[in-house]
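Structure provided below as structure tokens; questions to follow.
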Amino acid sequence: MAREVNWERNHDPVGIWNGRGKAALIARGHSPTDRRWDGESLDKSLGAFMMIAVQNALDDAGITIDDVDGIIGSAGGQPGGAPLSDVWGPRPYFDPPYDSEDGLTHVTGQWLRQQMGFKNIKYINNHGDPIWNLIGQAAQAIADGRAETVVVTYPNGNLPGRYHQDPTNEARGPAVWPNTWGWGLSGQGFTFNQYCQKYGTNHDRMAPFVVQERKNGLLWEHSYYAQHEPGEFTEEDYLNGRMIARDLSIFDCDRPVLAAAAYIMTTAEKAKDMKQTPVYIWDHTESLFSPRSLVQTIDDTEEWTDIQAQRSYNGSGITADDIDVFAPYDGFAVFTQYYIEAWGWRGVKRGEAHDFYAGDISLKGPNPLNSGGGNMGTGRMRTVFITDPLEQLQNRAGERQITGRAEIAVSHGVLPVRAATVVRSTTPG
Amino acid sequence: MARPIVPVPDPATQPFWDACNEGKLIVQYCSVCDRRQFPPEAACRDCGFNFHLTWQETSGRAKIVGYSITYDSRLVQWHPLQPFLNVIVALEEDPVINFHTNLIDDFGTNLSEEPDIPIGATCEVQFVEAEPGRMIPEWKLVK
Amino acid sequence: MAILLSFDIDGTLELGDPPGGVTTEMVRKARDVGFIIGSCSDKPLSVQRKIWEDMELTPAFVSAKHQLGKVRRENPADAYYHMGDRDTDYMAAKDNNFGFWWAHEAAEQPWLEFDMNNHEQIPITT
Amino acid sequence: MAREVNWERNHDPVGIWNGRGKAALVARGHSPTDRRWDGESLDKSLGAFMMIAVQNALDDAGITIDDVDGIIGSAGGQGNGQPLSDVWGPRPYFDAPYDSEDGLTHVTGQWLRQQMGFKNLRYINNHGDPVWNLIGQASQAIADGRAEVVVVTYPNGNLPGRYHQDPSNQARGPAVWPNTWGWGLSGQGFTFNQYCQKYGTNHDRMAPFVVQERKNGLLWEHSYYAQHEPGEFTEEDYLNGRMIARDLSIFDCDRPVLAAAAYVMVSADRAKDMKQKPVYILDHTESQFSPRSLVQTIDDTEEWTDIQAQRSYNGSGLKPEDIDIFAPYDGFAVFTQYYIEAFGWRGVKRGEAHDFYAGDISLKGPNPLNSGGGNMGTGRMRTVFITDPLEQLQGRAGDRQVTTKAEVAVTHGVLPITAGTVVMSTSPD
């Protein structure tokens, strides 16, 4: 069979998407959220969590496994089964189906099909990542007729041990450049420092934003903080954050967690039969850049995010004023300002994000930024960027429901260098 | 008979060549996709992962798919054997998987007359020495 | 005695592409001495004929490279030689029981030393 | 600058191209055609030839170097300046600008800019190949506003020494499979043999096609044969072709030559000011496949070519009966039948191409297939596949001008496994 994976909309001008309104996001399902897997409890492995999330999503949509004909997901790790870091496998394995990393710290669609007994699958794809891209990929697959009812899976694992620690005293390959000079999160710190110099601002002015995200996150039942650390996070907490790499403090970094989420997406036609109100995909666009030299500068960052923002506007035909629910990624808190300024949401221009943060960005105010709480408010699972806008547009966000209009949502992530944007609406357009 | 060109294994293909030395023809198999894969690759082309990628012994039986005869190769080492037969066989249990063969037992090289290549005929694998210590799969017609 | 010389063209004759060391003058001389001359090349037959016209010579035969056996059948002689610059030429000569010179050897005109009344074909030894 | 190279249209359904009619091909320029470079004559290097071709193309369009703001080309070899085969470099070099392979056996746009003194370039890209893809890439660049007046460059080199001979007695990496069993052009021979078995035909039935291509080629002044071997090529010649790899004879393989061609492509707006009539690009589509196992079978071949033909029809909105000028590639003569049957030109179905060849495919008849002569009739330069359809649509093909309508042309190449199709028309709609 001819196998082609080039589904991305990344070539300017992308123009209005010819799949606009043909695919809808209907339902979401989440697993419990744990800090990490203990390496033993098979009912709490990433595979077990993924199955819980899929079943919850199916129930939410009011359909069964037999209604599903596509699975599109990230397997939760690098292709080829390379472990996410040195503490992730290889390990002693268990009896099937836990006899490989698949099901423990990664979850492929093929594994899910086998475990859950999907019978009618005609399209499986594990090659995408991260969640914004997966939603785009599924929307494209549905618009193209590759599948009608797709489960999108997004498992996010975490194991005991420090994240990404590297004990080696030699640097090889591309790592020779950063490692020889001890460069790491300093990359984000550097770019943000450039931003602060360029616009005369400073780290502490992000406090209102991070504090607000934490507040919002506590109102989302799947947030790590809501489940495990439900106290209030204050401005004092933020300002006392330990620097990791100037100007990036520990509270600007998201907390790795173990959680899985699944989404049901279907054709506009089939959407009518589902239990929840359909939210239509108006557009998806993607981008992948590379720095001019060793590192990503603030100029790179602004150029790339501008290109992607314009691409998204070009592909959806909307303007900044049309965006009711805006969910720009915050995997490091410093990202969000770049995105807000690129999109010009609520008229914010380059260098003005911190002033914007100083205004009213509360949930019930006029500018409810990241009403789901982002990664800062929920943990490093990223799925709140899909779930919260979905629930806002379906008017079932509960305590998080914003008070303004909630008809058009824009979700954007992951990095400036590599991003995807999804535009959704309550109408097919 | 020494072969004109011998294969040099690499990490991805080493298990295949080692099995040849033991008289076994193996191909990759992804148990979760239920799919064979040859030539060997780092990951399953379907799911994109190596989690369930193992090696599976084949029946060693195949059917002739088609052929060519090389009269003028760019591979200089093969020149003395011209013209020689190039046959493709497909694994009996999974015709998607195919192999090269020169059918050396039946037709030899330096073909002097038109070979009779029965498309669809059954072959079985045999292992021949490409150089001392290096066996490679070849195929012969099942009479 | 009848001795046949089969010339490859490209890489062998000076009119070949690339040019070889055997000049038109050498070919003419071979004809004058009494050899049966012709070409056996990958060039289309019509192109080979054109090259002979350009040399202002009339060949006894033109042949595709893989049809050297036909040259033997259609041109009775006591000895047969082919010359060329490729393994293909060598194999064609060997398979059809011709003697053979590589193009650079042919440029030395070894045939001029033959006894035209008493000659035995020099076998291919390598 | 952000660098993205993903301009190809290769994701089904591609839909009508949104750049349709926005870019036009207006002029062509060719160098002399030699068999090979002698390694010494700097006025006959590939760089020298490329400059001649560019100047000829500019003259043909009636513009100057200062009008050009883009160069899109193949550098004529592998990326990173690797030699094309064992006989290509490294060598002793000459004085600048011939102090590297660039200018000798490769030609980059940057080298041309320097040598020819282009001043107003804002877009250069050397990453594409082969010429169908370059035309597609340039059309896309113009439609996207990256440049308005583009020179497309296609240099094709050849040096003394046999093409691609390999003396090794060991095989490594991907070469272990073919080389251990002496596989090479036998790949094309095998697939064609399968075709013959499948449809009950044989090699010799290609004779009328190759003979006709040779005839057509003699009428093109830039053909290697027209310049260096102007005699008639007969059916007898073809039938006496030496087998290289059954069923592929020496006259089914194109002859490597040294030649360069350049094209001027412009926006529809600018096209009005040019000396020649514009030929508008209605669509470009691309594809890349991989075999299921070791080798490309006739089933693979037919599947891939069907997909690409349908993609092209989908992208252009045309039907087979709309195609006046059809130029399917013939780098090996066996390709052409796969393409004709996939595109269904003149109603030819799978297995019927040889019957079609037996009919009237003459230049002045109703089915003037490859009116330029293809590679078989012109040498391995490939550019006749662009130049001839251009000239046919401009009504300036001279002796080659077809007598049928010449308003829409489709040109297609290179391999079944990786291809680009360009659709051109005298009208922008």
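Points to keep in mind about this one:
For clarity, chains are labelled A, B, C and D in written order, and residue numbers in each chain start from 1.
Criterion: a contact is a pair of C-beta atoms (placed from the backbone, for glycine too) under 8 Å apart; a residue touches a chain by one contact, two chains touch by 3 or more.
What you see is a predicted model, and the numbers here were worked out from it, not measured in a lab.
For this structure, the chains sharing the highest number of C-beta contacts are B-D. With centres taken as mean C-alpha coordinates, the chain found closest to the middle of all protein C-alpha atoms is D. Separating the CA-averaged centres of subunit A and subunit C is a span of 75 Å.
For the pair subunit A and subunit B, the distance between C-alpha centroids works out to 46 Å. Between the Cα centres of subunit C and subunit D there is a gap of 37 Å. For subunit C, residues touching at least two other chains, in rising order: 66. Shared interface positions of subunit A, i.e. residues touching 2 or more other chains, are given as 3. Counting only residues that touch two or more partner chains, subunit B has 71-72, 76.
Listing the residues of subunit B that touch subunit C in their complex gives 71-72, 76, 79-80, 82.
Listing the residues of subunit C that touch subunit D in their complex gives 17-18, 42, 44-47, 50, 64-67, 86. For subunit D in complex with subunit A, the residues that touch the partner chain are 1-4, 6-8, 10-13, 15, 18, 140, 144-145, 287-290, 292, 303-304, 307. On the side of subunit A, the complex with subunit B involves touching residues 3, 75, 79-81, 100-102, 106, 108-111, 114, 124, 126-127. Subunit C meets subunit B in the complex at residues 66, 87-88, 91.
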